[in-house]
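Below are structures written as structure tokens.
Heads up, the next two complexes both have subunit A, just with different partners, subunit B and then subunit C.
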Partner chain A sequence: MRYEPLLERMPTTRIPSFTDREGVSRGERPRYAEEAPFKIHGGCGLMGICDESGSLMSGEVPIRAMAVQRDRGNGLGGGFAGYGIYPEFPDHFCFHMMYHDLRAKEDAEALFDRYFQIDLAEPMPTRPVKGIGDAPLLWRYFLNPDPHKLEAAEMTPEDFVVHSVMLINSTVDGAFVASSGKNMGAFKGVGFPEEIGHYYLLEEYEGHTWVGHNRFPTNTPGWWGGAHPFTLLDWSIVHNGEISSYGINSRYLEQFGYKCTLGTDTEVAAYLFDLMLRRHQLPIELACKALASPLWSEIDRMPAEEQAVMRSLRAVYGPGMLNGPFAIVLGFNGGMVALNDRIKLRPLVAARQGSIVMVASEESAIREVLDAPDRVWAPKAGEPVIATVSGNGSPVHSDLHLSADEVSCAVTGMLETCDAVEVS
Partner chain B sequence: MPISLIQPEFKVHIDYDKCHKCGRCVQQCGWSVYSFNERPIPDDSKCRACHRCVTYCPAHCITIRKNDLALRDNANWSPALRQGVWRQAETGGVMLTGMGNDKPYLSIFDHLLLDACQVTNPSIDPLREPMELRTYLGRKPSAVEVTSDGNGGFRLAEGAGVQKNIKLDVPIIFSPMSYGSVSLPVHRSLAMAAERLGILMNTGEGGLHADLYPYADNVIVQVASGRFGVDPEYLNRGAAVEIKVGQGAKPGIGGHLPGEKINREVSETRMIPQGSDAISPAPHHDIYSIEDLRQLIYSIKEATDYKPVGVKIAAVHNVAAIASGIVRAGADYVHLDGFRGGTGAAPQIIRDHIGIPIELAIAAVDQRLRDEGIRNQASIIAAGSIRSSADLAKAIALGADVVAIGSAALMALGCHMCQGCHTGSCSWGLTTQKPELTRRVDPEWGAERLTNLVSAWSHELQEILGALGVNAVESLRGSRERLRSIGLDEQTGRILGVKPAGV
Partner chain C sequence: MTPVTELTKPAAAEVAKPIEGYLQAVPEARVDGGVATIDARGIYYKHLNEVVRRCLADGAKKVVLESVNGQRYIGTGLKGAGTRIEVHGTAGQDMAMFMDGPTVEVFGSAQDGVGNTMNAGRVIVHGDAGDVLGYGMRGGQVFIKGDVGYRVGIHMKAYETRHPVMVCGGKARDFFGEYMAGGVLVLLGMDSRIGGPLVGGYIGTGMHGGVIYLRGEVESWQCGKEVGTFPADEKDLATLRPVLEEYCEAFGIDVDEVLSMPFTKLVPISHRPYGKLYTYV
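Here is the complex of A and B:
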């Protein structure tokens, strides 16, 4: 049985024509697959900022932090995610949608009408910005699953939402879900990040946590959906790096059912977090230690109990260890986690000013944003920087029960991943 | 005696102008090539080109050449095939041989190329930065469960974490070679080297000699179909127990160690009467199916307080499904031996025509175990002609956890691959029990040479990892993305999970 019966059959859904990943014949509308028939190489800049007191800061802050890191990107992708930005709809899922054309919008909205109670649907506020062109139709929807459909599907609201994301991304031709979490949103596109930020009027939002990204892809034209951050519910991931262990990381994840189809390290990192945090219920600190393991020589010097934990982590999660240069920021509704590779081959600078924790690829971004940081430091290789907004600590959704391939499908929207989705 | 049609394979040439007439060659040759009548006189027909005499001649006056006799060209009837027919017409017997398959089958390792980092990710210099080769051999849980330790830290949950794994400092171990097929000094060399290197040697099926008890933490004890030397003490002495089902050089074939090789010490170690032939049946007569194997695995585990138990099989056509069954039967590792693996003695027809290449076996087994979600439940040891650190790196990239080296280890001890192991006359004192020959190997010297070889390969593996931009071997393991094929057909590439060079 395919996934469709879960949400009933979708009469409006058109399966797009496509051949294979190498064949690149999906018609006019862009999808991830076109961008990444093979592994993507590239560098980037990133930032993350979190006020642990929960106080809100303007979207101008991440824009400024990214603007001074402009030359870390090449104008082929920029994006932000903000948390706490929709205080008027804190308990609604907010879908940020990208539509290739009106027909895609109609199809997706038919799906929304059928399965959700929509409390507000509106075009995403934007302004014309020089350098930004060829934008898709951008809409956002504040909604919650229809209680009857939810009951019929026997799912938690989170599962229901991710299934819907999966359906839209994979089967509604020309529609893409940029983000789908509560009280958060992703704002991304093709351009330099400060242009993208201004295009989305980011300075009019206020959030307690922001992440930003500047992209320097080396072999791809870039498209709006392919910019960072990547999201799943309220998770967002921005990433700078090239994981030299991608080959085994992806094969390792495939063993658990994830489908690594994008050829991007970011996708792999997202699945590894999902595997370790949600499915294996590892504490975030240990998940970071598994992703950027200490050296054996360090482990051998640890106290016995800690040594036993670390030895097992490395032996078990060794195939998932991200080896090679990376800096990564995982944003979630309770804060953010920033992590560097195990021998610090990519830049990551951190700072604290009162209750504000900030990380960035370059210190210039920190100096631009924080006027008097108490402390600025370079986090050691593999040492995570964790910031949590009081009372909101865990990045784990206990109400999410997705299988690995469902997660893959939701993130990528690729048909071949979704074809594998079966629910018994 | 009727004349033989078989002509000598080699010509022994002595430069008598330089010859000291010292008789060293007569003394050194295990094959009795030389007689002495005022000067050494070689009998070419006995020479196996093992170079023992060449190496030890003080005058450096001996040269071994191929016997360059022309036979009429025939692409179908190679000289070797013609000689086989003549030999069998003479003897009526099965042709025996030693070492591994020497036929010119395609070498897949030689058609695989490794990657390196340029620009977008940095390569790493192993001389200046850590480069980790440590490997844990054995079953691992799919996840690690922890509980809070009450002080903001974490400890392993009850019974969680990695248990009963063997720590290897480098992902190379020594292949099983039994005491009996090889000499005691060889076994001692292997054991001493294994201890120094932080790795394992493997007893093979001939039991564990008392001289090796001090090295037992670095020894895998093997249980083969003959059950030679197996008792509860033996099982408990080793770091792990290996059930040998098959061998790459002779899949489906048992073993036969002739009575002449069963001297007092071999007989004590094997627990069989002196001078009796040691016959290993082709199958284990208590394993006729997978459920029998499971019972034996768990019998051994019960007898050893749950030491790791591995299963060695020859790489055969259906190896992936067999390996999957072995893992599900409870094995902590699967030891795959490819069709080029060596042997002390095997029928040549079997050695040269049965089994599949280790490269394909690794790829098929690793993928199958992943498809079934059980790859973490067992390690994969790959053997069957690992000839250099390049083969080692490629085997690991295809999915092996550890490689085992046998032929290369013997070569470190002097073996020149003359393929005469089955004769018991090894001039280098390796595959013989003749005391005048076995004493040629000083275990201290042997251990140093083996340690050198494995250390050298380890350094080279570190260089390869550095070029690949990773600093731990687990990041190469199974990372087929770092391999490309050149000159392999598409189907083979698909089975290997390796893209062609250029994409």
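Here is the complex of A and C:
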């Protein structure tokens, strides 16, 4: 079996109870993935900024953009992803890890030691911030797959990393991979985004692309791993809204092997992007038109050639169309894409200032960050705003050969999704 | 300029909780004659609106807000025809919601939900405005110089002496005047930063009262089936002129230039189109 080397399970015997860092018994240690089910309602806030020239911006920029949108969230989830932030290790995968306790860390590190060459392991730099409590242990690792293990596994490094993310999320109790890309990282948790940003000392990082999110969960408690962005390799996704086509989308995705078991609508958006961009190699513009298709009445009024393209796109990807209110930003090392639903049921404002492209839920976020934008506009519903960093290539992980359920499993870490991982 | 009075400071409890990401400053008002000036940079919306209300309670006739950026609810729920609020910067969500009398003038853009269920008074925005502008507006005037978003003028309504008026100087997106029940809604297409047609689709869908005037033409697919389109005649223009004169005065625009192009009038062609929706006949 081709993933056999990664399937050697680590010792993850469950212990009936454990003691926390203060020595207080906390009962049974949770599996992080089991805490994940949640549903997002209503008015989240988001932002994305990308300097197409590749020039770097301080992490204070996304913090300021989210701080003015503070009241779009309720303090139960905030997060950011930055690209180009680790120039010292541009060719290393960087794992941002969340650990419930020291044992989870030991278990995950045993796995890292076994399969990777770690060039730096350190606690995530953080500072105490009022309002942020109950943080997990946060560590990061700059690593690359062990060449021998990689060779034995007959995988690309990207595939190897995704399998490792999957293995950790599904078998190492109390450990969660927040991000796993090259020269990028996700910084997220329970709190308002500006609190989370300052907690992670985001202002000390510099990146060419940033995305940010402010969460407003209403019927389940927020948890650190459940904050946006959701990431896999260098992809990150932040989302405001609710995808009411979740049912039909998930059934459609199941035909391609993706398994949606979390009940999170963001999950289907992530898999649909993976399906169309990576597996089907669609251009971003076309993928966006499949996700937020023009109405049939609009198609009827298009020129014949465009009509033919749109009709076949809707025919082929019909069940992949996202319905309901949403605004989404997808970040990657090559830039970002922002997209609205077809009738603009969630706000999105865009701006350009020189080589900088920015999107946000509110214009105030743009005014806070850009001193003299050349243009500020509200994008038309369903028309993507695309920014590409020159020289950074496409967002498609073309050397990724994972099956769809492996991608599902890596993002969600749910045991049920992990047919490839034998867990007793 | 006189120094800050105790009364213009918010209650101690209001600023006791510092908010990460904001300046956490005590908002202060400089009071000069009947004019109070407040630097809103980094001030949390709740503290800002608290000071505005205190200034008005102290007798200020005009409140000038400088460096506003995204603070919500400015002018919301305020009463009093003589009151004037000037906003410099980008006004936040739900500005002038439930407003009943005052004038709010924004030197910049406004975001979503301006004039929601507004009862009386005037809103003047020198930049663009966002989505759901003037939702359920039942009186007063909203003048926007630039573009507006989706769902503008939804369910505007009129009753006896209350006749809401909204004039947008740029372009609008879909659902303009949807479910409109009364009042006057005007779109000029003159000051625009977005491409595409003057207005999107679903104009006046479900409309059963009031009138929409568009400077230019629309195609039939753009309109809801409940509205009829007619070229505005001289009688219509005679009604429109005083409205546009007020609008042009607010922005220093030549009214004759605005009226130099033909207007299209949209009015409901059926009364209570959904009157029998839930009735078996």
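Quick notes on this one:
Here is the rule we go by: the second predicted complex is superposed on the first by the 375 of 424 C-alpha atoms of A that agree within 3 Å, B and C clash if a C-alpha of one lies under 4 Å from a C-alpha of the other, contacts with A are read in each partner's own complex, and residues count from 1 in each chain.
One rule holds in what follows: contacts are C-beta pairs under 8 Å (C-beta built on N, C-alpha and C of every residue); 3 or more make two chains touch, one makes a residue touch a chain.
The shown structure was predicted, so the numbers you read here are calculated from the model rather than taken from an experiment.
Subunit A is touched at more residues by one of its partners, and among subunit B and subunit C that partner is B. Contact with both subunit B and subunit C is seen for A:S297 once the two complexes are overlaid on the shared chain.
Once chain A of one complex is fitted onto chain A of the other, the partner contacts of A:I343 extend to both subunit B and subunit C. Judged by the touch definition given at the top, the superposed model places A:L150 against neither subunit B nor subunit C.
By the touch criterion defined above, A:I248 reaches subunit B but does not reach subunit C. In the superposition on chain A, A:E363 makes contact with subunit C only, while subunit B stays out of contact range. Once the two complexes are overlaid on the shared chain, A:L286 sits against subunit B while remaining clear of subunit C. Across the two superposed structures, the residue set of subunit A contacted by subunit B and also by subunit C is 297, 343. Those residues of subunit B lying in contact with subunit A across their complex are 117, 120-122, 124, 129-130, 132, 134, 136, 140-146, 149, 153-156, 160-162, 165, 370, 373, 375-376, 468-472, 474-482, 503. Of all the residues in subunit A, the ones that touch subunit B in their complex are 38-39, 41-43, 218, 241-248, 250-252, 254-256, 279-283, 285-286, 290, 293, 295-297, 305-306, 308-309, 311-319, 321, 323-325, 342-343, 345.
Within the complex formed with subunit A, the residues of subunit C that make contact are 18-22, 45, 69-70, 72, 89-90, 92-93, 109, 111-112, 128, 130-131, 147, 149-150, 173-175, 193-194, 196, 201, 221. The touching residues of subunit A, counted against subunit C in their complex, run 63-64, 66-71, 129-131, 192, 194-195, 198, 297-298, 301, 343-344, 347, 349, 362-365, 367-368, 375-378, 380-381.
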